[in-house]
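Two complexes come next, and they have one chain in common, subunit A, joined by subunit B in the first and subunit C in the second.
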Partner chain A sequence: MAWTRKILRVNLTDRTCTSEPLNMEWAHDYLGQRGLATKYLASEIDPKVDPLSPDNKIIWATGPLTGTMASTGGRYSVVTKGPLTGAIACSNSGGYFGAELKFAGWDMVIIEGRASSPVYLSIENDKVELRDASHLWGKTVWETEGQIKSEHQDPQIRVSCIGRTGENGVLYAAIVNDLHRAAGRSGVGAVAGSKNLKAIAVRGTLGVGNIANPKEFMKVTFEKKKILKENAVTGQGLPTYGTQVLMNVINEIGAMPTRNHKDVQFEGARKISAEAMHEPRESDGKAQLINNQACFGCTIACGRISKIDATHYTVVNSPKYWGASGGLEYEAAWALGCANGVDDLDALQYATMLCNEDGFDPISFGATIGAVMELYEMGVLTKEEIGIEAPFGSAKALTYLTEITARGEGFGKIIGLGSKRLCEKYGHPELSMSVKGQEFPAYDARAVQGMGLTYATSNRGACHLRSYTISSEVLGIPVKTDPLTTEGKPALVKAFQDATAVVDSTGLCVFTTFAWALSDIQPQLQAACEGDWSMEKLDLMGERIWNMERQFNNAAGFTRKDDDLPARLKTEAAKVGPAKGLVSGIDKMIPEYYDLRGWDTEGRPTAETVARLGL
Partner chain B sequence: MRVTLKLYASLSDHLPDEAKRTNEWPMEVADGTTVGDLIDRHQLPKRLVHLVLVNGHYIPPASREAHPLVENDVLAIWPPVAGG
Partner chain C sequence: MQKSLHIDPSKCTSCLQCEMACSFENYGVFNNSLSRIKVFEFHHTGAKVPYTCTQCDEAWCMHACPVEAIKLDKTNGAKVVLEDVCVGCKVCTIACPFGTVNYVAETGKVQKCDLCGGDPACAEACPTGAITYVDANWTGLERMRQWADKLGNPSA
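For the complex of A and B:
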């Protein structure tokens, strides 16, 4: 079996750590990571619970392929009820932490209650203890990781922790591991902070020796790695240019949400693109991009390692930022840049470093700044209130607002609430570009219709990773569809949602699916895990996981009206580009989508659907 | 007529130096020039000609050879790429 079959349950209120067997019946129905952790969470908490109360729980979960030799097998998920949305939250991270947790002999860590003072969880194989973290409270992610490694005198410890934003209740605070890999979305870091849990530090030396059919597993993982290597996207495009290569693509098709979704093309996109990251700077003749980087077991290596221009105004007096650090990814570059009209590449690199350093989601943060800038230009917000002049395009405003949000100072506390609450506070709820309270990522729903349905129906609020139909609608993977039409999109979105739910439960990275189909993952699971792992079973499992998340949200109070987009995307047509004159056809797509899902007109799985999926 | 050829990612290597910082290569072409003509003229490797857009609209592989360009058209080409 690829599972360790062990769960670590930690009650912070009682300060107890106990080992319990993994529910293998559930593992066969929900696999691991996203699916299995959500099953545990949904079974153990009231969906109506206050996300920041001790009654919420938060789960760190690996998948059966985490820590194995399958390519990209280093993923883990953090699952909880999210404070930004009040919906199910599941954030997925790479790096090395997930594999280390598995090597220590644990499939999952379930955190309950609330500690009376700051603690961190130390795991060294079976030796598990809660340690005082008073001295780490107030420290950044980077300081925390360094200090824990130093205290344990072990540089190989892996740390998954929160920064100051998680402590301060920033509703989109992340949990960061390996300095710049993050379970980034939905505010999972704020939940950890609410429990006074600063970090989980893990050192594992047990390996993963429990593969069902080791010989077959070695053979099949080798074959599948070859596919990734030979595929032009996973073998060349992503390692060389990273996700940022999309900047010019999405701009060219007129699907670039710009200035809080007022526009669909950004005139400064080229200056903040992957191509720009490769170019020598005028100041020092060096390119911002230093290298690419891989997570555990990954043969794609899409990660960016960059160096900021040391003479840039943001860091000229701060040498600690001059070294190589996590670089810009597309979604972050969009949110920090296009959403605010900012085209200063080094300002964006500085902002993304602060997001990593203090652990907050650059997508929700950047999109919230877009709303702030629009409110400023309308005269609703003033320089006195914000602390700086904040028109669209101001890199200085962006970097200043990033600093005060990271530190939890002044207007930064309000930015930390996210765009929905901020816009409501200032009397313009319509300016929050979000679904269920979570901000959009980097694709305009008017120009890529399937993404509008993706956002509206995503179980964790607006998100591209729940069904990345950009693959099909823009990039032609696996087949090209027309981004401007709603026709066929409900079925496309459902197919992506169900398949992604499985991938997110394996321990593998969803980026493999630019080259692999689910049928490439299936034989790897079959070789690693005993029992039946047929395609039919996996297809049903993806649908089961999606509907389980939906049931949780329904029980939490979400209804049909929450599966919607902001009025701007339904009434203000795209001004330029191929989508000129178009608005989102979300209202047309939702009924067909519900029908395909086997839901009633209010978006609730019917009794027949529940029975069919074994929920 | 005047059109603009945009080449991105690894296809940037096929741009003249003066176009490398913008990825945009404005040029004069004869009336009736097609997408396929420009791809051939600039010897763009077929395996790298993946995503082809004219004014942001996708041109499927089967249509590229014959798709005529008109005045002020922008032809943008990428090798296989992805992100997210």
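For the complex of A and C:
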């Protein structure tokens, strides 16, 4: 079974909390987390709904393997209609919150309506109540977590909450749990804020005890952990260097989007790399990196715990930042660093701490700053408007803009709209490096062609986690493909998208797929869940989930023209590196991709496809 | 040879595999709140420390128990709670200087680490070697080896 078979439905308008049985038929078709929560959302809301209105819903969802001994079995997803994109939003987080929610006896929490004043949801196993959060409104993520634990006199409570950016409607506000882990992208935090929902606090002591075949489950999860341990990426690269292991690798192949994608290599990459985090610094002879942090059940432990240099200009008068805190991940280091030409490692650590502290996505934020800096250098934006001189490379500008965005002050309010709205406001929509309104992550679509198609077709706007073809095109997992060619990429992207949709629905982390194929996850599901979980069933399920998300977006108004990249990537060739002279071949890949998907030329699943997938 | 659990906090990542293994071994359920080994996180320093009973030779809990519900397992040195004898008076939880005997409200008894009968599930589950089950007389052997390495193989 592995599911608790229970859903908590909370209506904030009526202030009611009700328990209802999980639809097990849907669980067998959509598994959990991303797939199952999207099925519920798509069945319950109008795709055209205003994301920040009470008619939108937001769902916290675990998977069948969340809260079990399967390695990385601690994930949960937050699913809603996203305010940054207007598309389906599904953000995934680790830490300990997801397992705790499951231990409290809930597969999912569905939030509806809007509270008339700030509230938080308190869950202690079956005891569920909405509590006043007026005193928490205006507080950061870190303050909120501390205060809730102290009020309940229970340090073991897990909290998933928004910071000030979620309250202020920053369109890429995140939902943060366990201080440093986030359902980071697409503005899920702004949706929670629009509903006056500050936090969900959970304490679960019931555990997960309904594994279908416990003996087999222990045996197979043990064997699969061994595979992770022995793999070069999950057993060495990620534990030693974290996701930042990629900084030098991606820079060397000329796939590092730099200065708002004007360049594809960053001369300062080494200074902000994983290796730099290990090096002793001048001021105190200590390295920035303290140690690794695993999420619940994770035997990889890619998370970083760092300490900023206490003499750095950003924190010299702020002792509260001197302690250990969540360290730089590759995506954050890229967006806060390379996208703006900033190579000050401690400035990036400071900015990433503020993103955690007030709950906003460093990717969309950093990439928006990249656009601001380009507009500043063009003379479109001035020092008076921004509040500081903001040329590319200015660490001072980056950290100042991070502060005012976190607090919702001055120009920070405009930065909080994201790059698409900001660039439109100043008359240069072409400078927003985004798809469907969501900013690119850290791989240049000219140098890694498959990623261009990944971004253009991702159902939640530009995103690397929907089909991480870097695995194949750069790392050679499961087979090496040439990153510079478009040939074969539609099929590669489709295969990655479908498999990832399943992984995101299990309760496991997608990082396991550096070492595991879906066929390594299948026996773990089979041992945990009743019924038949064949590879054929899972393959079809991945495709079903992808098409369900696509149908939601189509109904929300997205069309063929939204599956595109900014002109810069299609007309301005890479200046250096292996991709020198290349632009993205996105226009060539899209028709082939639609065809493989069983979609018409406008990107709509055909009647035959819909029927085949049982949608 | 007597063996004992050896803990090296510097290797712990706080993945909690040990806690799940413990609750599964003893209760057949993944439930960290029932675990007899606990991982403590200290956010300000980043330290993560697994902690459980060290099986004291002259165990305070065993001597304090008024009904002799805590017995020595002579095969491995573990001090084991006899659930059917325990009356739930909690005197052992007061006597233990380290807090590693705990009351379980659901059963009305106390629980503590019993070394899983000589094959501790937590040590088997630990992915980083932070928890090992080693010769009790040589719990410091690995650390000695590291320092010996430093002495004998000075880095170039």
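The rule is short, and it goes like this: the second predicted complex is superposed on the first by the 615 of 615 C-alpha atoms of A that agree within 3 Å, B and C clash if a C-alpha of one lies under 4 Å from a C-alpha of the other, contacts with A are read in each partner's own complex, and residues count from 1 in each chain.
FYI, contacts are C-beta pairs under 8 Å (C-beta built on N, C-alpha and C of every residue); 3 or more make two chains touch, one makes a residue touch a chain.
Bear in mind that the values here come from a model prediction, so they are computed numbers and not experimental data.
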item	value
Subunit B versus subunit C as contact partner of A:T240, first or second or both or neither	first
Contacts of A:G207 with subunit B and subunit C, given as first, second, both or neither	second
Which superposed partner A:T469 touches (first subunit B, second subunit C, both, neither)	neither
First, second, both or neither for A:E279, with subunit B first and subunit C second	first
Partner chain(s) touched by A:A294 [first = subunit B, second = subunit C, both, neither]	second
Partner chain(s) touched by A:N547 [first = subunit B, second = subunit C, both, neither]	neither
Common ground on subunit A, meaning residues reached by subunit C in one complex and by subunit B in the other	none
Subunit C residues within the subunit A interface of the complex	10, 13-17, 20-21, 23-24, 27-34, 43-46, 48, 125, 127-128
Complex contacts: residues of subunit A adjacent to subunit B	231-233, 236-238, 240-246, 248-249, 252-254, 270, 274-275, 279, 329-331, 464-465, 468, 470-471, 474-477, 480, 482, 510-511, 514, 577-578
Residues of subunit B defined as touching subunit A within the complex	6, 8-10, 12, 20-23, 47, 50-51, 53, 55-58, 60, 74, 76, 78-84
Complex interface listing, subunit A residues touching subunit C	67-69, 71, 96, 99, 103, 156, 179, 204-209, 211, 214, 218, 225, 229, 290-299, 301, 303, 305, 307, 323-325
